[in-house]
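You will see two complexes here that share chain A, one where it goes with chain B and one where it goes with chain C.
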Partner chain A sequence: MLLSYLPVLIMIGFVSFMAIAVLLMSAVFSPKNPYHEKLIAWECGLEPVGEANKGRFRVHFFVISILFVIFDVETLYLFPWATLLADKSISGFIFVEMIIFVAVLALGLIYAWAKGALEWV
Partner chain B sequence: MMEQVFFYIFSIIAVISAISVISARSAVRSAFYLIITLMQVAAIFILLRSPFLAAVQVFIYVGAVMVLFLFAVMVLDIGREKLVAYMHHQSVIAVPAVIVFFIMGAYMIIRGGWNVSNAGFPEAALAKSSEVIGKEMFGRYLFPFEVVSLVLLIALIGAVALVLRGREKDKQC
Partner chain C sequence: MIDLNLVIEVLIIIFKVVFVTMVLFSLPMPLTWIERKVAGHMQARLGPWRVGPHGLLQPLADTIKLLLKEDIVPENADKFLFKLAPIISMVPAFAVFVAIPVGDSFKIPFIEKTFTLYISDMNVGILYVLAIGGLSIYGIILGGWASNSKYSLLGGLRSAAQMISYEVALSFAAIGVVMMTNSLSLVDMVRAQDGGFWHWNILYLPVGPVWFAVFFIAALAEINRVPFDLPEDEGTLAAGYHTEYSGMRFSFFMLTEYVAMVTASALAVVMFFGGWNAPIDFRTIEILTPITSVSWIYSCFGLFWFTVKVSFFIYLFMWIRFTLPRYRYDQLMTVGWKILIPICLGAILVTGFMRI
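Right, the complex of A and B next:
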């Protein structure tokens, strides 16, 4: 049973190897000529102010992240549901159940949309 | 045998990245190291024959919780220097608590009292664990499952309503 996860592991290992190899190659073979102007962060040609992770963010990101979290949880319930769909004897019944589940959450999405919470003004 | 090798690989990466979480200078970097740790825990769940828990780990912790962590880090704007101002001698209580916990954990590991067995289930039954969870969820626990959608709907509407109320206050100003 664990062997069925071997392709996943090989995939992750291959991708990590590629990423690390590319970074390592460019670190080894690239020409290096650092000076102060080159090392500072590029901020539209102006002098950089503070760090990138400091500063004021729009509260609007809050709505987007909460929406993401809620639909993420919804996707989680789709996972055991999808494994059961191949079973013909119950697939019709659980399909309707999941449609109801998704429809209730879609109400929330419609509410957020209609109230203009998704608009980026 | 191979399983143990993989367990040690995953747990060593998990411990190293967990140490990096608390030693990284920038809070955003800590958050990304925490993602690595949580992914390793998901891999260990798969070794424990529990693919559904692994999926929960990836969806909830790596997906949802990390988004909220990063959001809090970005919005609250807490640097190392500012963090000191928020510390009010928590370490006085935390250090003995951690030492006691560490000694208890070490004692239990050395005594070997915790054996993770397959709980009497054959390998073939464990392979179908997410189907079993699904059957229970969509059969006997159908009503709680549908209530979950209502709870999520309430959370969504609450969040949208809170933000919209703040926006109306901004307009008045």
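Right, the complex of A and C next:
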């Protein structure tokens, strides 16, 4: 059981090691000649105006991420159900249950749709 | 007292992981060459031609060039996150491959040990792939934010919104496959599609093609390929989230993209096209029994079929890239939320009805 997750750990360790090794190699070979004009953020050749990462972005991205959290958690509930569907003794019952669940899910989607959360104008 | 069998098993795991990582690290080199050749021939050009015969050494030259480039860190950037982001985006793309089965297990001749052509048969395979695959978003959004450049920030935000929107559709497609095969393990999924192409999930009529269409569109969006490559829309965003990156860190993002393309192809094959299974079950043909009953030969055939199918999908991704134009951003969100998700909800009910 635990042995099937050991490769994940080894893989993450080895890939990180490779990435850092390549970066070190690049640091040894590459030239270093930084100056102000090279180091400013690229804005079509003009001096950048203001700070980009001070938290100014469209609220709509936030709405989409909340919708994602809701829907992704709901898909997670469907996974154990999908594996149980082969069990003939309970499959009829859980199928009816899932119709109700999917209906609630669809209702949520219709609500978000009607409220305009899915529109990008 | 150390268990010798356990030590051998761990050593085999380490060997497999190192081998797969090396293959994935070097795979983008031939893939970039093939991509440019495909692009060239589709547009009646030659593609790379100068470096080596038929431009075969071009990727090597590119690698050396990227290695020798200056690693620029913008002065207003969040330096720590800026340096970390490419690695964060690269590591999950590789880690996903732990769960992907490329062939069946077989007995090594003479020593009677089974050797598996997959690194790990975890019982939550598909869930693991979705979870770890989703982590790549962090690298992209951190890279976009930490650059402190407007183009990068917009690219990162777009990318994050796009990837999480299509992640939902991708999870639904995975649920569809789990319903058809009744297992979360990718190895079991392939075994459930054994015995000829009419057993493959794509031909699980009428819902198989629908699930595949949903999966394929969502996968295209997840790996940021045309027609959904808005995060790196040159026309409006310079290069998107990696505008400020250069040299090796930039190439890590590219590496991630190619590895993600291979992963998406492999997942499409495993989930819908029978994985390592041959289109016709050769074990049922009696003349071939002396060959196919030897398990390692049969596994080699499995590996061959898997490679052929994955290559086809990689070619398909390139084909699409040089055929279709790019979507507009609002169209992209409309496809994700208003078309794919309602289709998924309907298809879940139909599939469930067929399975009870």
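Here, the second predicted complex is superposed on the first by the 85 of 121 C-alpha atoms of A that agree within 3 Å, B and C clash if a C-alpha of one lies under 4 Å from a C-alpha of the other, contacts with A are read in each partner's own complex, and residues count from 1 in each chain.
In the analysis below, a contact is a pair of C-beta atoms (placed from the backbone, for glycine too) under 8 Å apart; a residue touches a chain by one contact, two chains touch by 3 or more.
Bear in mind the structure is a predicted one, so any value in this text is a computation, not a measurement.
Enquirer: Answer with first, second, both or neither: which of chain B and chain C does A:14 touch in the superposed model?
Expert: A:14 contacts chain C only, not chain B.
Enquirer: With the two structures laid over each other on chain A, which partner does A:79 touch: chain B (first), chain C (second), both, or neither?
Expert: both
Enquirer: If we overlay the two complexes on their shared chain A, which of chain B and chain C does A:66 touch? Say first, second, both or neither.
Expert: first
Enquirer: Between chain B (first) and chain C (second), which, if any, makes contact with A:5: first, second, both or neither?
Expert: Both chain B and chain C are touched by A:5.
Enquirer: Please indicate which partner A:115 is in contact with in the superposed arrangement: first for chain B, second for chain C, both, or neither.
Expert: Touch partner of A:115: chain B, not chain C.
Enquirer: Considering only touches as defined above, state whether A:41 meets chain B (first), chain C (second), both or neither.
Expert: So A:41 only meets chain C here.
Enquirer: Is A:107 contacted by the first partner chain B, the second partner chain C, both or neither?
Expert: In the superposition, A:107 contacts chain B only.
Enquirer: Can you list the residues of chain A that meet both chain B and chain C?
Expert: Shared contact residues on chain A (touching chain B in one complex, chain C in the other): 5, 51, 53, 57, 61, 65, 67-68, 72, 75-76, 79, 83, 102, 105, 109.
Enquirer: Considering the complex alone, what residue numbers of chain A touch chain C?
Expert: 3-8, 10-12, 14-16, 18-20, 22-23, 25-27, 29-34, 36, 38-43, 48, 51-53, 57-58, 61, 64-65, 67-68, 71-72, 75-76, 78-79, 82-83, 85-86, 88, 91-92, 95, 98-99, 102, 105-106, 109, 113, 118-121
Enquirer: Could you list, by residue number, the parts of chain A that touch chain B in their complex?
Expert: Result: residues 1-2, 5, 9, 51, 53-57, 59-63, 65-70, 72-77, 79-81, 83-84, 90, 93-94, 97, 100-102, 104-105, 107-109, 111-112, 115, 117 of chain A touch chain B.
Enquirer: Okay, in this complex, where on chain B does chain A touch?
Expert: Going by the criterion above, the answer is residues 3, 6, 26-28, 46-47, 49, 52, 55-56, 59-60, 63-64, 67-68, 71, 73-75, 77, 79, 123-124, 126-127, 130-131, 133-135, 137-139, 142, 145-146, 148-150, 152-153, 155-157, 159-160, 163-164, 166.
Enquirer: If you look only at chain C, which of its residues touch chain A in the complex?
Expert: It is residues 9-10, 13-14, 16-18, 20-21, 25, 66-78, 86-87, 90-91, 94-95, 97-98, 119-123, 127-128, 132, 145-153, 157, 160-161, 164-165, 167-168, 171-172, 174-175, 178-179, 182-184, 238, 243-244, 247-249, 252, 329-330, 333-334, 337-338, 341-342, 345, 348-349, 352-353, 355-356 of chain C that touch chain A.
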